[in-house]
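Shared between the two complexes below is chain A, which pairs with chain B and chain C, respectively.
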Partner chain A sequence: MHRLASLLSGRGSRLFLLACALVFPLLAKSEYQVYVMASAFIWAIAVYGLNIITGYCGQLNLAHGGFFAIGAYALAILTADHGWNFWPAFVAAALVAAAVGALVGLVSLRLKEHFFAIFTLCVGFIIYLLIDKWEELTHGAVGIRGIAAPDGLGLVDFSQTVPFYYLALAFLVLAIWFAGRLAASLLGRTFMAIRNGDALAQSLGIDLMRNKLLAFVLSTTYAGVAGALYASMIRFVGPEEANPNHTFDMITYLLVGGFGTLFGPLAGTVGIVWITQSLQFLEDYRMIIFGPLIVVLVIFMPRGVVGTFLGWKLRKDTEAARAKGPRAGAKVAPAKEANTNA
Partner chain B sequence: MLKVENLTKMFGGLAAVHDVSVEFEARGINAIIGPNGAGKSTFFNLISGVHKPTSGRILIDGQDVSRMRCDQVARLGVGRTFQTTHLFEQATVLDNLIVGHRLRTRSGLWDVLVNSRRLQREERECRDKARAALDFVGLAHLENRVVLDISQEERKRVAFALALATEPKLVLLDEPAAGVNPEETEGLARLIRKMAEHGLTVCLIEHKMDMIMGLADKIMVLNYGEKIAEGTPAEIKADPTVIEAYLGSDHDAAA
Partner chain C sequence: MNLLFQQVLNGLTLGSIYGLVALGLTLVYGILHIPNFAHGALYMVGAFASYYFMTDMGLHYWLAMLLSGVVVAALAVLSERLVFHPLRNAPPIHDKIAAIGILLFLEAVIQMLWGSDFRRMASPYNGILNFDGLIIPEQRLLIIVGAFTLMLALHLFLRRTMLGSTIIAMAQSREGAFLVGIDANRVAMLTFAISGMLAAFAATLYAPINLVYPAMGHLVIMKAFVIIVLGGMGSIPGAILGGMILGFAESFGGFYLSSDYKDIIAFSLLVVILSFRPTGLFAKGAH
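Showing the complex of A and B:
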């Protein structure tokens, strides 16, 4: 069992995952499947952003879908209305999402816990309303057409599904790489200390506002990048992009995969997107299967699929370490007894 | 070391701490006692910067900290433990402690992006500091255990280690011996004395009188937010106002 655990979480399994993703378009039954997978990757990037502020830093941000829409609209407006080239517009979209994130964060992060969540829920809705009503800028309910596909610099045509799939995969790998580096660093530990409790984090000399704001801006930048990619894949954006429901979809992905884990966002997003796809024939009745499935998952795996696995592995590891060191084992025994009594 | 001048904190119309002046010497063990609601925790929150005083001053080594934020006070060398410390239960003991030294490091987002040499060095320092703190509290053997699996008393010690990893000059311990048995209480008392011997100034709130009387160099008694007495354990024991306000009734109840 222990072998299996280390096999599943080691470097090898990551390379295996990557290899699977690389050959997926060759094995897929139709182009549509590749398309669904590419969109799952894009959502996963956004969920990685949500995981930074909510999973690692512990602040439940309910405006995340709004920042996704801001990224999508920024790219759409710049390329379709102002004729920008794709890549400058793409960078600008990420920066706009970061800047709006900084402004919203400065105000909303003064609030704690559920107050923060309620405030950001309102922010998400305000973003939706702005996009829907500000016709001069966003074209309102009509939406924006003619968005540029990613510029392949004459080498690749990203308006084709398969090349676009690889582009989305590249950004996803980048997103995971940075999230992993962040989570393992002192900065990630700082975020997690804030998640454990404001009071304790402050007593350890952690500047709450500064660190929360940094986590928030990082998360909105992720959302902006994902939104911009999404707009360039669909080639159309409408107010529906900012529907607060998307935020709750992303929270569900994160919940199922596991808050504050490195592979939770990926597992949750790809898993649920495919379950949703395979239940498509049930139309709205699929919620009858979906709802109970999530309830069961939350009851039996409150820390998500990946979180539960990691907890199990940590236990195996420490047990193995204890079995190895007899000196430590002897000292530890009474404590364990006390624990089982309690 | 710690000098408090005419400290007052009002919550609405209620004075949680009223006109308290006191001075604590460096390297000493100082206890704050008093009945529930006497303002002891508020007093700690004022010193550590959680609350801003309504009036009065707090000086640490001559520096006025009364208007500083919590994290700034911590950086100046004030560590603290809480009545209950919320550790990250699914992580190992060492993992919980590494962030304790974060305030002495400077790595930011850029260092994370490029995995700078500074970040690597500082992460090593944090790890070493966490190990040293864990060793100090006598739990070096628990380094790789999951917090979920360790006992209540061990958690208390881990909380001490976390405060120590910040390299404090002054540590504020809020009921360090609450919820542990008499034998373990003695062990914790020895640990607190060891901290003082290593040059730390200790300030603790505690309800366990036997522990306080044997441990403290100086005791301050609060009642309804006011300081009603201050002195050595022997002086406090003999003080009639203290006996009336606190010890008398409490001892009867305890017996």
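Showing the complex of A and C:
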């Protein structure tokens, strides 16, 4: 069992995961399954963004779905209404989400804890209301059709499901790679120091505002990229993309996977998207199960699936090291703790 | 003149409802320091419970309101016992997420039972009073009078009874309250019960001139949050005053500016306030 654990968290397992993802379209029973998986990947990218601000930096951002919608609408408006090519519009969508994120962050990050959560909840709702009411720009409740599919430059046709799947996978890998580098870097450690306590972080000479803002902008950029990909997959956007429920969905994914862990967002998103798929009959009522699930997880397993697993593995490692000799045990524990305390 | 009067009346009506909802929210925050995101769902359940008691069981409006208050109070106490109590020592982010879990659950249950249609709740007070050209629909008058009666009753309860004083004591100082032998669990349950009851009453008062539907709590709860930030988290007079300010801002803003964007007024107000005063308008000390 223990050997299995080290296998699962090592470098090999990451390659194994990647290999599984690469052959998935060949093994899938239908194109629909590939489509569902691609959408799960897109949501996972957004959840990785949420993980940066909420998981690593400890600020509960309840407007994340709003930034996802901003990315989606930016791409939709630029390609469908203004005839831009896909890739410039895609970059612009990410930049728009980052810029709006910077503006919102400048105001909201001055607030602490509850105030930040309440404020961002309202921001999410303002984004929803604006998208719904600002008909000149967003076409209101009608939504926008005719969004460009990703431009394959004459080589690939991304409007097909399988090529799009690989595109989404590529972006997901990029997102995870960047998140991993971030978590291991000094900047990532700085975010975690802020999560562990504002005052403590400040006493270490950390500029709170600058770092929180950076984390926030990074997270909204992730959301923007995911939103733009989503719009180019569905080829339609409507005000529902900005529904605050999407934010709650993403929080559920992150909570189930594990806050502040590298593979939590992936495990949580892909896992729940597939569970939801297999519970199709529930559709609108899935929250009857997920609502209590959130509560139970937060009470009994606040570190999520991945966080709990890592904690368990850390304990085993320490025990194994202790069995060998007291010195080695002391060496193992502190090195890994920073990565796993959620 | 009459048009202006209508806006004042409208502002008073909105302000009364917002005030009642915000009061429950601020009471819970004052005691337990939980921003209860599920409060809007309690409000919504309150409306549906009254609707059920009136249309399916044929009870009178007042009796339905009372029963709905009891049901929602029980629900609120249950949420405290099952969810917030076990989380009392957890990091603050956990309370918020758990509250969202309750919100999603309650909404899904109501949607499953009643569907997402908009429903109209009949009230026995459909008449219109005419004071020399000033027109007042009875239900609006009822809302205003009812809300102020409830606020007064709450005030008397908190200030004049032993049980009420324990809530105040607990809000003022947790340790101090423990020292004089106040049972924290009892106070927490009592506070949740009052907060749930106020939400149910507010919903039943407002539903006849609005509609009943599963998403009806969304805007109300967010506005209630704006109000308690405005009035200072945990402050009771602040919640009432803040409710009135927001009610009037919306009524006049919706009339003179744009009714499409009237819901944004509340949030813009919040953005402006928090930009200049990160701890709210009347907050004492830092949070």
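Points to keep in mind about this one:
In the analysis below, the second predicted complex is superposed on the first by the 305 of 342 C-alpha atoms of A that agree within 3 Å, B and C clash if a C-alpha of one lies under 4 Å from a C-alpha of the other, contacts with A are read in each partner's own complex, and residues count from 1 in each chain.
FYI, a contact is a pair of C-beta atoms (placed from the backbone, for glycine too) under 8 Å apart; a residue touches a chain by one contact, two chains touch by 3 or more.
Quick caveat, the model's predicted, so the values are computed rather than measured.
Looking at the shared chain after the overlay, A:Leu155 reaches neither chain B nor chain C.
Of the two partner chains placed around the shared chain by superposition, chain B is the only one that A:Ala199 touches, whereas chain C remains out of contact. In the superposed model, A:Leu26 lies in contact with neither chain B nor chain C. In the superposition on chain A, contact is made by A:Lys133 with chain C only, not with chain B.
Residues 29, 33, 35, 37, 82-83, 86-87, 90, 92-94, 96-98, 100-109, 111-112, 116, 218-219, 222, 225-226, 229, 233, 260-261, 263-264, 267-268, 270-271, 274-275, 278-280, 287 of chain C are the ones touching chain A in the complex. Within the complex formed with chain C, the residues of chain A that make contact are 54, 58, 60, 107-108, 110-115, 117-119, 121-123, 125-126, 129-130, 133, 244-245, 248, 251, 255, 284-288, 290-295, 298-299, 302.
By the touch criterion stated above, chain B contacts chain A in their complex at residues 48-50, 69-72, 74-75, 79-80, 82, 85-88, 90-92, 98-100, 102-103, 105, 107-109, 111-113, 115, 119, 122-123, 126, 141-142, 144-146, 149-152, 154, 162-163, 166. Partner chain B is touched in their complex by these residues of chain A: 178, 181-182, 185-190, 192-193, 196-197, 199-200, 202-208, 214, 218, 303, 307, 310-311, 314-315, 317-318, 321-322, 327-328, 331-332, 335-336, 338-339, 342.
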